[in-house]
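Structures follow.
Across the two complexes that follow, subunit A remains constant while its partner is subunit B and subsequently subunit C.
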Partner chain A sequence: MKSYWGIFKMEFKGELQYRAKALSGIATQLFWGLLQIYLYTAFLNSGSVDGFSISQMVSYIWLGQAFFALRYVTMPKRVGKEIVNGNVCYKFVRPINIYNQWYVEGIGQKFAATLLRFLPIIVIGFLLPGNLSLSLPVSVGAFFLFLFGLILGLLMSHAFAMLAVYLTFKTLSEKGSIGIVSAIVNMFGGLFIPLPLLPQALQDVLKYLPFSFITDLPLRIYIGNVGIVDGLVLMAIGVVWLIAIIAIGKLLIGGALKKTVVQGG
Partner chain B sequence: MLYKNYVKMHLKSSFEYRFNMMFISVNQLLIMVGEILTVYLLFLQFESVAGWTFYEALLMLGVIYTVYSTVEMFARGYDEFPKLVQSGELDRFLIRPVNIHYQIFGSRVEFTKIPRILLGIVISVIALTNLAVDWTVWKVLVLIATYVCGMFVIFGLFLLNAGVSIFTIENLEFLNIITNGSKELAYYPINIYAKWLARIFTFIIPIACFNYLPLSFIMETGSVPMWLCGVAPLFGMLFVVPCLLFFSMSLKHYKSTGT
Partner chain C sequence: MASIIKFENICKNFKVPQKAEGRFKMIKNFFCRKHRIIEALKDVSFSIQEGEIVGYIGPNGAGKSTTIKIMSGILTPTSGTCVIDGLVPWQNRKTFVKNIGVVFGQRSQLWWDVPVIDSFELLKDIYKIPDDKYKETLQLLNSALNIEDLLGRPLRQLSLGQKMKCELAASLLHRPKILFLDEPTIGLDAITKLAVRDFIKYINKEWGTTIILTTHDMNDIEALTNKIILIGKGRILYQGSFEKIKEKYSDEKTIEVEFAKDYNKVSLAGYKVIEHNLRFATLKTLPNTKFHTTDFINQISKKYEVVDFQVSSLSVDEILAKLYKEYEL
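Right, the complex of A and B next:
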């Protein structure tokens, strides 16, 4: 456990060094947020959706942008390269489980990347005028559940990233592997379109799938689209999914490691 | 011809990594299918936005996909230009007795974009066959001009990005906003956005010239005079001129980073 904490701290500190990158990320997120808000405002002006008013939509978008680093599935840094160039063999000799090591590395990086970015976006979101502004959470309870939801989202997002690590082992194409996994997660997880805007029948299915837990669920709890009791039930389902996806990832990567052929050195 | 050799070389080298090429093509297609599905589902829920219906939006999506992917396929070198600057590789380009643009065009040809171009054309055709349009010769010409204009404008944005990187050297994600933002904006008829945003993307970056304006001309709707909508694509093409000038000016200020 102590060594995992060490890995987490190291990656966390490493990521904090990239401040210019974070600043540029914040500017990008603000622009995207604004663009999406205008787009969905146009749609919501042409017809309404129950439990998703314009002001709720605006909060959903700003929070989504603020926690973008957390919700976007990325591979832990360097891992893709290590697999392709064979340096991964140095990891094999260490007395730590390789899945856990990468998992903790990625979580550390994502956690730091999120911490560097979220606050300015939230603050600017609150300061923006009238129909562009971020609202307060519906209740104190919802706020705390939202925070728990974010942590579940972080763990889930990275459990998916580990599936991309497995695909990289199989295909040796980092770009292609992460691309496929993130395309699927983004499509069903609310990154292409806020899930509350989808037809109800589709939403009823998607809310039980693992993708929505990455950020859609916590945002919905914050804006009051999902009640506290429902939120708790869904999050329990999310925890089961999380355990399942981590187990699948461990199994797959464990299998891939047995067959790994290191290319030269 | 030299360019033909460039293309042949890139084709050969991409086929060396056949699996990689197919894998990347497939996942880019997956993203596009996801985006088309998103637009479809939104219109299933809302029927119309600012008076536009699904097939009108689909045509806009078809235009931007076709245009953007075509530019990406052939002008990818400009996208990768910051790397040339960073590595100092650009020095080698500059001392060769061939025009710099010719060399940049030749430096990358991205064959993985072909499925995207085809998909763009397919959804354009689907949209056009489902729209009730009284076709005239003028409308056909405007439609063709729309695609050409789109390529010019997007190419202009690529030039701007490449030009700026000569000064900044570092490749900042932020700079991509203009290119990617313009692309995403063009997914829908841009008059659905707030007025100030639509104005910027009409008068400064002429996205509207291959988006909202020709669409109004073909559908015979909107408040802008018809003749103005009709000539808009021609006007939009001029955008590439200041971009070319900016690029040449930047190149004069190029200081090698060394190796």
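Right, the complex of A and C next:
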């Protein structure tokens, strides 16, 4: 366990060094958040969606932007490169499970990236006037469940990223692999379009699929779109999904590692 | 002494897709690929005793790195058995790698954007090294490799030689029984090279670490190893002491002669003239000539007026080049 904690700390520290990256991330997220708010306000004003008011939508978007680094499925840094250039061989000569090592690395990076970015966006979100303002959570219970949901989301988002790592082993193309996985996950996880805006029939299916646990569920709990009891039930389903996706990832990557050929010097 | 590494009849084949030439063949190839089997290692057997420093040499593409990778558990051989320190590397990977250290000269095992010492601390956690032992080892590595000042700096700010010293230290923090060095001196300047060599010798002597190194720098081999294994085209061609090989070629001498006056033609029985330019000539012993200085002086001074001459044996590089040629590598 100590070694995983060490890896986590290492990646956390490494990520903290990239402050300019975080700043530009914050700027992008603010701009993008405003854009989305204006766009969806226009939509909602010309019709209505059950149980999703404009102020809820605004909060949903601000929180989504604040935790963008957490919800956006990305490859753990370096892993793709390591696989393509063969540095991955050093992973083999450590007395530690390779999947776990990568998993923890990615979590550390994402955690640090999120920590560097979320606060300014939340603060600005609260300070914005009237229709653009982020609201408080519906209840204290909802707030804590929201926090717990974010942790589940972080673990889930990275479990998906590990599937992209597997694909990279197969295709040797980091960009292509993460492209496929993130397109699916981000679409059905509410990153492009908030899930409450999708047709009800689709929503009914999506809420049981693993993608929505990444951030859609915690955000909905925060704004009161999903009640606490429902939230708890769904989260239990989420935990089962998480275990399943990690297990699948471990199986696939374990198989790929056996066949790995590290070429050259 | 017991043998710590046993390699028996190891073969390793790689399956690689075959490239086809021509437009239509390329299209055909896209749908149905033909594969070609490359035999990287053919029936390789050797054993290494505990505490030895073994040089593993051979021309590019001979299978050196493949062997190192099999020994360190990264690759699984196609057939054959390999037992290292009582374990099969690719079967009990996690237990096995606790006792080995690896440096791939062209890759890095340290974290890029954090100070080197942080990487060391992490390796300490990964290998579960007790605090006191870690401190002791680190101090020893610091003084032997002179890296104390580098440890606080991020890896990306270090030069190649500084990096290599840190890599070496990183691979030794857990005091492995066996150390694999894949081209450890590649790209290093003279001083660093010497420091690294001294250090390797020191570790071997102090800790009794068994060391296997591949290199193209024959001076490494000469300075470090008790034994060499020569591999070419996937086969073991020679194993034994390097001295023996050197002896075999020690009769071959090159003599540079300076004459007192200009000669238009130079010839000497038992020698071949490689170069001749009036006052200067370079001679080489013919295969059957046994070089003896007194005889040579007598012989040459009868014919020519000699001011000075200089005898040199084959350099290690030349010996190796000859060896490769002999085995048609």
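Going forward, the second predicted complex is superposed on the first by the 265 of 265 C-alpha atoms of A that agree within 3 Å, B and C clash if a C-alpha of one lies under 4 Å from a C-alpha of the other, contacts with A are read in each partner's own complex, and residues count from 1 in each chain.
Here is the rule we use: a residue touches a chain if its C-beta (ideal position, glycine included) is under 8 Å from a C-beta of that chain, and two chains touch if they have at least 3 such contacts.
It should be emphasised that the depicted structure is a prediction, and the values quoted were computed from it without experimental measurement.
Engineer: Once subunit A from each complex is brought into register, does subunit C clash with subunit B or fit beside it?
Structural biologist: Once both complexes are aligned on subunit A, subunit B and subunit C fit side by side.
Engineer: For A:C89, select first, second, both or neither according to whether it touches subunit B, subunit C, the two together, or no partner.
Structural biologist: second
Engineer: Quick one: classify A:T171 as touching subunit B (first), subunit C (second), both or neither.
Structural biologist: A:T171 sits against subunit B, while subunit C stays out of touch.
Engineer: Of the two partners subunit B and subunit C, indicate the one touching more residues belonging to subunit A.
Structural biologist: B
Engineer: Report for A:A22: first if it touches subunit B alone, second if subunit C alone, otherwise both or neither.
Structural biologist: After superposition on chain A, A:A22 lies in contact with neither partner.
Engineer: In the superposed arrangement, which partner chain does A:W5 touch: subunit B (first), subunit C (second), both, or neither?
Structural biologist: second
Engineer: Can you pull out the angle centred on subunit A between the C-alpha centres of subunit B and subunit C, to the nearest 10°?
Structural biologist: It is 90 degrees after superposition, to the nearest 10.
Engineer: Who does A:G14 touch here: subunit B (first), subunit C (second), both, or neither?
Structural biologist: second
Engineer: If we overlay the two complexes on their shared chain A, which of subunit B and subunit C does A:I223 touch? Say first, second, both or neither.
Structural biologist: So A:I223 meets neither subunit B nor subunit C here.
Engineer: After lining up the shared chain so the two structures overlap, which partner does A:S46 touch, if you call subunit B first and subunit C second: first, second, both or neither?
Structural biologist: After superposing on A, A:S46 lies in contact with subunit B but is clear of subunit C.
Engineer: Does the superposition put A:K258 against subunit B (first), subunit C (second), both, or neither?
Structural biologist: A:K258 sits against subunit C, while subunit B stays out of touch.
Engineer: Taking the superposition as given, tell me the minimum C-alpha spacing from subunit B to subunit C, whole angstrom.
Structural biologist: 9
Engineer: Which parts of subunit A are touched by subunit B and by subunit C alike?
Structural biologist: After superposing on chain A, no subunit A residue contacts both subunit B and subunit C.
Engineer: Which residues of subunit A touch subunit B in their complex?
Structural biologist: These residues of subunit A touch subunit B: 20-21, 24-25, 27-28, 31-32, 34-35, 38-39, 42-43, 45-47, 49, 171-173, 175-176, 179-180, 183-184, 186-187, 192-193, 197-199, 202.
Engineer: Along subunit B, where are the residues that touch subunit A in the complex?
Structural biologist: By the definition above, subunit B touches subunit A via 19-20, 23-24, 26-28, 30-31, 34-35, 37-38, 41-42, 44-50, 170, 172-174, 176-177, 181, 184-185, 188, 192-194, 197.
Engineer: Residue numbers of subunit C touching subunit A in their complex, please.
Structural biologist: Residues of subunit C touching subunit A: 14, 65, 69, 72-76, 93-95, 97-98, 100, 102, 104-109, 111-114, 118-119, 121-122, 125-128, 182-183.
Engineer: Could you pull out which subunit A residues touch subunit C in their complex?
Structural biologist: Touching subunit C from subunit A are residues 2-3, 5-7, 9-10, 13-14, 17, 78, 85-87, 89-90, 92-97, 258, 260-262, 264-265.
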